[in-house]
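Have a look at the structure below, then the notes.
Just so it is clear, A, B, C, D and E label the chains in written order, and each chain counts residues from 1 on its own.
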Amino acid sequence: MDWGFWLPQIMLFSSLIPALVIFLLRDEQFWLRTSLNLGGSAVKLVLAGIMAWGVLAEGRTYEASLPFLHNQELVLRVEPLSLMLVGLSSVLWFITTIYAIGYLENSPNRTRFFGFFSLCVTATIGIAMAGNLITFLIFYEMLSVVTYPLVVHRGTPAALAAGRTYLLYTLGGGVLLLLGVIWLQVLAGPVSFESGGAIDFLVDDHRTELIVIFGLLIAGLGVKAAIVPLHRWLPEAMIAPAPVSALLHAVAVVKAGAYGIVRVVYDVYGLELSDQLNVLLPLALFASFTIIYGSVRALGEFDLKRRLAYSTVSQVSYIALGTALIGPAATVGATVHLIHQGIMKITLFFCAGVFAEARNIHDIREMSGVGRSMPLTMSAFTLGAFGMIGVPPLAGFVSKWYLGLGSLESNAPWVIVILVASSVMNAAYFLPIVYKGWFGEPHEEIEVVEAERFQVAEAPWSLLGPALATAGISLLAGLLAAWAYSPLSLAEIVANQRMISP
Amino acid sequence: MTIDLLFDSILALTLAWLCWRVLSAPDLFKAVVLFIAFGLLMALAWVRLNAPDIALAEAAIGAGLTGALMLDAAGQMTGRSFPYIRNPEPAEQEVDHGEP
Amino acid sequence: MSLVGIWVILIPLICGLAAFAVGGRSSRVIGLIGAGLTFLLSGLLVLHVWQSGVWIYQLGGWDVPLGISLRADGLSAFLIGMTGAVGLGISLYAVRYFEALTPGPSQDPSAALRTGSGRGEESGAGDSPEAERGGTEVWLPGASYWPLWMLLWASLNVLFLSNDIFNLYVGLELLTLASVALIILQREQAAIVAGLRYLLAAFLGSMAYLLGVALIYADAGVLDLGLLADAELTGTATQVAGGLMAVGLLLKAALFPLHFWLPAAHSSAPAPVSAALSALVVKGAFYLLIRLWFEVFESAGTVSVEQMIGGLGAVAIVVGSFQAIRQERLKLMIAYSTVAQVGYLFIMIPLAGSFGDPEASWRFEAWTGGLYHALSHGFAKASMFLAAGVLLSALGHDRVWHLAGSASRFPVIYLSFGIAGMSLMGLPPSAGFVGKWLMLRSAVESGQWWWVVILLVGGLLTAGYVAIVLSQALQHDVDEHTEPHPVPKLMTVMVFALAAMSLLLGLRAAEPLELLEIGAPFQTLMSVVED
Amino acid sequence: MSEFLIYGLAAAALFAICLHGIITRTHILRKILALNMMGSAVFLLLITIAERNQVDGVADPVPHAMVLTGIVVAVSATAFALALARRYHAQTGHTELHDEDGST
Amino acid sequence: MENRDPIPDSGPIVRVLSIILGVALFGILATAVLDLDVEATGLTDTVMERIGESGVDHPPTAVLLNFRAYDTWLEVAVLLLAAWGALVLRQATRLPEQPAARSPGPVLDWLVRMLIPLAIVTGVYLLWRGTDAPGGAFQAGAVIGAALLLLRLSGYRSIGLFSAAWLRGSLLAGFAGFMAIATLLFITGWTFLEYPPAWAGLIIVIVELLITWSVAVSFVALFVAARPDDSATEPVGGER
């Protein structure tokens, strides 16, 4: 049996099949559904582990090509860069599944929720493993569609309105991406992802077209990566249940966009060609603007999830920014942030969900003193927030450090200003929450019996556990950054594969 | 030969004129009658064109049968009865068979 | 094996006649056997063409031009295969549909137009309203459905296999009459008006087509498509004939602005009939147009005419989609969606036509893309109409604004509707995506940017009306005044199966696309695409 | 001017007149009449072609066969259309196609 | 429904546009006709060369029932479908008997008694003649159908006597008989719709007979079924 061929496919099916079976179940079939979910995610986790071992320790590449059109194949490939997103999604799917089971207990339409949830993971894994542009496109569009039912899951008018906005943006972005991909393929033939890019030969005859296509591709991807001005759907979509916000809008959807940008710049155009076409500077500027804009908007939001959402807008653009800078350290920073941002932000969303569920807290002004009754949750939140700010030795620090190095390497010191400004603002919108949560007086309006006010009353373990787990991971990712299997090491491998002399 | 051609020309013109009349005669009944005449003249033209058997079919089916159908329909739609076709409505109540 | 092309016509006819002769309840059994066999035979025909290439058969042993020949190339096999699969799905659905018709469902809840209609075989044959005097047999809508549907199916196969332009005329008429008879099956007033309008429009289309046939015969002296293609006609008479035939077929295929008859006809028929009409019957006229356009009139076509037809297609996409968005009844919405999707099909004409370099590979790409879109539309639209039929049976209405919250009751139905909608939008992974991809590629390659815009905008407009339905259904608040009626499981399964097919055909398109190449026009271009 | 041209042009004229009739007349029966005559026009052209194609006094039998087939097809469609029209009329009293009778 | 106001035709704009369209169409068609060769032979020679093998002498019959039998076969199906559609419209499995509410007068009675046998003889003659001279199944069917219709309209019992099975059988006879013969030969190894040369004449006569009968009954059925039945003169549902 050719494992290289089958493993990527099994990886996909490990969430696709549970999804399809779940659709056939009734809401009440809790145990069957749960075991399917957990079983699927466990299988995925194990497979991700096997492939990580293969890729990192044995230097293997797993690849499956399936015939699709005349001269076009669907390619699933696992190499270091795809491994980053594969690993991230597998680990976080497992954790989020546990969280979601606890979170959605007894709410209606669970079958639908978990079915589409698993489909989303399938799409994300597909995006991660896509070995060529068309495969990427297919899973990217699939992700747009299968997320819609999750966004409107609550079925309230607000949710439906958010769903409309979401569809409008993502389908519009999909159209731009589709056009870009087709145009590029017409010029270059089937485009597969290759380190350093594979379309240099076009530059002499089609320079302008290449620039326009780059714009189309980045615009299409930028919608999901929430680059300003294409970001508006993200705060709206926060209407969705917490697990959705956590996994999809902190990890899957926005990461799909950011990952796509990484792929386009590094593996389709290649840094050299991108530099030659002068398209990186505009990307860096857009990303920088988004970083600042997102932070400013986050400062103005008092709804916890919306503040987190704007923080996501800001943080995800670190990836785009790092991608737009030329130099190994910037690449390391960009790619490692793919993972770091994911684990930190999911921690925060988990905690926000816990606060909402256990204390009905949606507004940060209601958070006063919540740390006294929920110290563990608040600790996890604090770890996540500090990571976001970039406090050493947490994961966020590692990302920012490499990004800073990269900006120096590529002679763009102004980027440091952006990073510093952003960190200051991160601190400005996170620290007050942390401070209030630990040291503020419990709010009058919260109906907590006086005796219980200082009582420890944590949420159930199915909700708390995942939050603690991801918080722990984000701590470890920073502490053990030098370990050979850490995200950082992986990012370094990725960067080495793609490096050119600046 | 010229007489033949003259005849053909007149026949063709008559056909066109009849066709126009069928579409514009104010009375629907008259239009249907003209339609039958059109069909018969058409059959005549086909005899001239060396197609007697097809002419026969046109006269029988095209003019005759279609014409009869049209007359019957025109009778219903104008509220007038086609002579002796529509008997006084008998008290033919629907026979409901109930469960077979 | 080589005679399977005859059997694929004969078997549905034999079964249809048997069902007619037997009448009553047993017609269902015969109809189902017919559907199963025809499906198998369609599959065998596809296999045969796949393995042995183009199949040609001289009927009666008379060579062309004296006799009539049948011909199955990749295109015919492709469409026969689609008809077979969609037909089987519709048949299985119809078994339960006509059984399950209960006093609840009506095409239109507001008009109390129903006497005999809608009472199924199970609900007591004694309901038959107008059992004729002295007759021992009673009227069952299902009993008439099966023979007519088998005949409709047979006439589609006749159309796809015939290689003679006059025989195609007879086939078209057969198709029209069978369709109209099916539309009026339940005798609702709306259906009768719609059927009548459809019949008149189709009659007019046939006459235009027949006049074209006459002119071609006068010019070329033969009726066989192959001989006509070899003749490479270019004269004025041929051009006029081409125009007439095209207009006639466009009327039957309902391209804007000749679509006026379609929405009412397709929406007022019983669900299995609506599905067959939108998914298959429209494709019959489309198929014939494509055949003539790219084989007989290849040398007579001009860029301006092609661009004009494409332009009508573009208008159809926009107008049809906006009309669909405005509709309050689901079946009408789906019917208008067909108007828009037919527009998509005709964008193929300018793309595969004579614009630019005649030897360019994009022509073949557009041709396959358009046909793949037709395939995807076949499955997706059938699924949508059948889904609407389920909702109609269960809720007694199909008003879009009263579907609120029904997604939790009919999850599979809406899932299928969503999948089918994806395919119509051309979102991956679906068969619609493959078609759209190929057409877009062709448009970009040939530099016809205006079609790129239309194709992309059309997809977004499609998303508009699909989203309206889905967001209604996903609402939390449920319309309580609708007490759903139980719907047989098989119906739901078929809705899903057809939607799933439209998805699966998008995951692996290589083989169907290869099938299309067999005996296709543009032989010289294919090597270019292949590399 | 030959027989062929006379009848050929007559067929063309009839076809055009009937098209005008179909478009402008609203009465269903007139539309059906016009369609029927349109059919006759096409058949006339076919028979004219058959006559043109004659060899040794035998007219081309293929168009003849086509016409015979066409006549039967036309009468079938006409009769069916009439049946529909009459039922429609009986139900509604209308003699032209009304959209509002549909359940829009 | 009694004499509603005459419905106005389409408006002046449509009218003018339609006239322009009509004139343009005439121009185009005339150009096409003028473009045609005045001399050509079409398929005449081809047919005449092989007519000896067809089993009949009359060229159109040879084309209809042998060379292009496929067309004819399907055409019978079209007729069947129309008749059937009309039956669907009545939701009937058989046709109503003409209510014999009044007896035909003596003159009419005499006329009918004379005409019916005459018509049937004519029909059979046309049919028989069709193999070598003008005439044939469709003409014969029309004449016999007319006779049946006359019988019915003058108050005699005719087609209403048919049971549902008889009616169906008669409608089907032409198409199904044709198909049965062709299928049997096909199964035994002949090409579809090919007749063994020795039997061709006989097969054609049988097929013509069957078609004649079907055509006759179909026409009557179409005529009778086209009339809205008594219950339908009030709107369906009876609620208006």
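One rule holds for everything that comes next: contacts are C-beta pairs under 8 Å (C-beta built on N, C-alpha and C of every residue); 3 or more make two chains touch, one makes a residue touch a chain.
This is a predicted model, so every value here is computed, not measured.
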Check: Count of steps on the shortest touching-chain route from subunit A to subunit E?
Finding: 2
Notebook entry, point to check: Of the chains shown, whose Cα mean is nearest the mean of all protein Cα atoms?
Noted result: C
Check: With respect to inter-chain C-beta contacts, which pair, B-E or D-E, contains the greater number?
Finding: D-E
Notebook entry, point to check: What is the distance in Å between the mean C-alpha positions of subunit A and subunit D?
Noted result: 67
Checklist line | subunit C-subunit E separation of Cα centroids, rounded to whole Å | finding: 29
Next item on the list: Quick one: report the Å distance separating subunit B from subunit D, using the average Cα coordinate of each chain.
Entry: 12
Margin query: Using mean CA coordinates as chain centres, what's the gap between subunit B and subunit C in Å?
Written below: 36
Note to self: At least two partner chains per residue is the criterion; list those residues in subunit B.
What the structure shows: 53-54, 57, 61, 65, 69, 73, 76, 92, 94
Next item on the list: Could you check subunit D for residues that touch two or more other chains and list them?
Entry: 2, 9, 13, 15, 17, 20, 25, 27-28, 32, 45, 49-50, 52-54, 59, 62-64, 66, 68-69, 71-73, 75-77, 79-80, 82, 84-87, 89-92, 95
Checklist line | Contacts with 2+ other chains: residues of subunit E | finding: 1, 29, 32-33, 36, 40-43, 47, 60, 68, 71, 75, 78, 81-82, 85, 89, 96, 136, 138, 219, 222-223, 226-228, 231, 235-236
Item checked: Interfacial residue positions of subunit E with respect to subunit B in the complex -> 1-3, 6, 58, 60, 96, 98-99, 101-102, 108, 126, 130, 133-136, 138-139, 142-143, 145-146, 149, 153-155, 219, 222-223, 226-228, 230-231
Notebook entry, point to check: What residues on subunit B touch subunit E, complex-wise?
Noted result: 26, 52-54, 56-57, 60-61, 64-65, 68-69, 72-73, 76, 78-79, 84-85, 87-90, 92, 94
Next item on the list: Give every residue of subunit E touching subunit D within the complex, in rising order.
Entry: 1, 4, 7-10, 14-15, 18-19, 21-23, 25-26, 29-30, 32-34, 36, 38-45, 47-48, 59-60, 62-64, 68, 71-72, 75-76, 78-79, 81-83, 85-86, 89, 136, 138, 215, 218-219, 222-223, 225-228, 232-233, 235-236
Notebook entry, point to check: Residues of subunit D touching subunit C in their complex?
Noted result: 15, 22, 28, 31-32, 35, 38-39, 41-42, 45-46, 49, 52-53, 62-63, 66, 69-70, 73, 76-77, 80-81, 84-85, 87-88, 91-92, 97-99, 101-104
Next item on the list: Mind listing the subunit D positions that touch subunit E in their complex?
Entry: 2, 4-5, 8-9, 11-13, 15-17, 19-20, 23-27, 45, 49-50, 52-55, 58-66, 68-69, 71-73, 75-77, 79-80, 82-84, 86-87, 89-93, 95-96
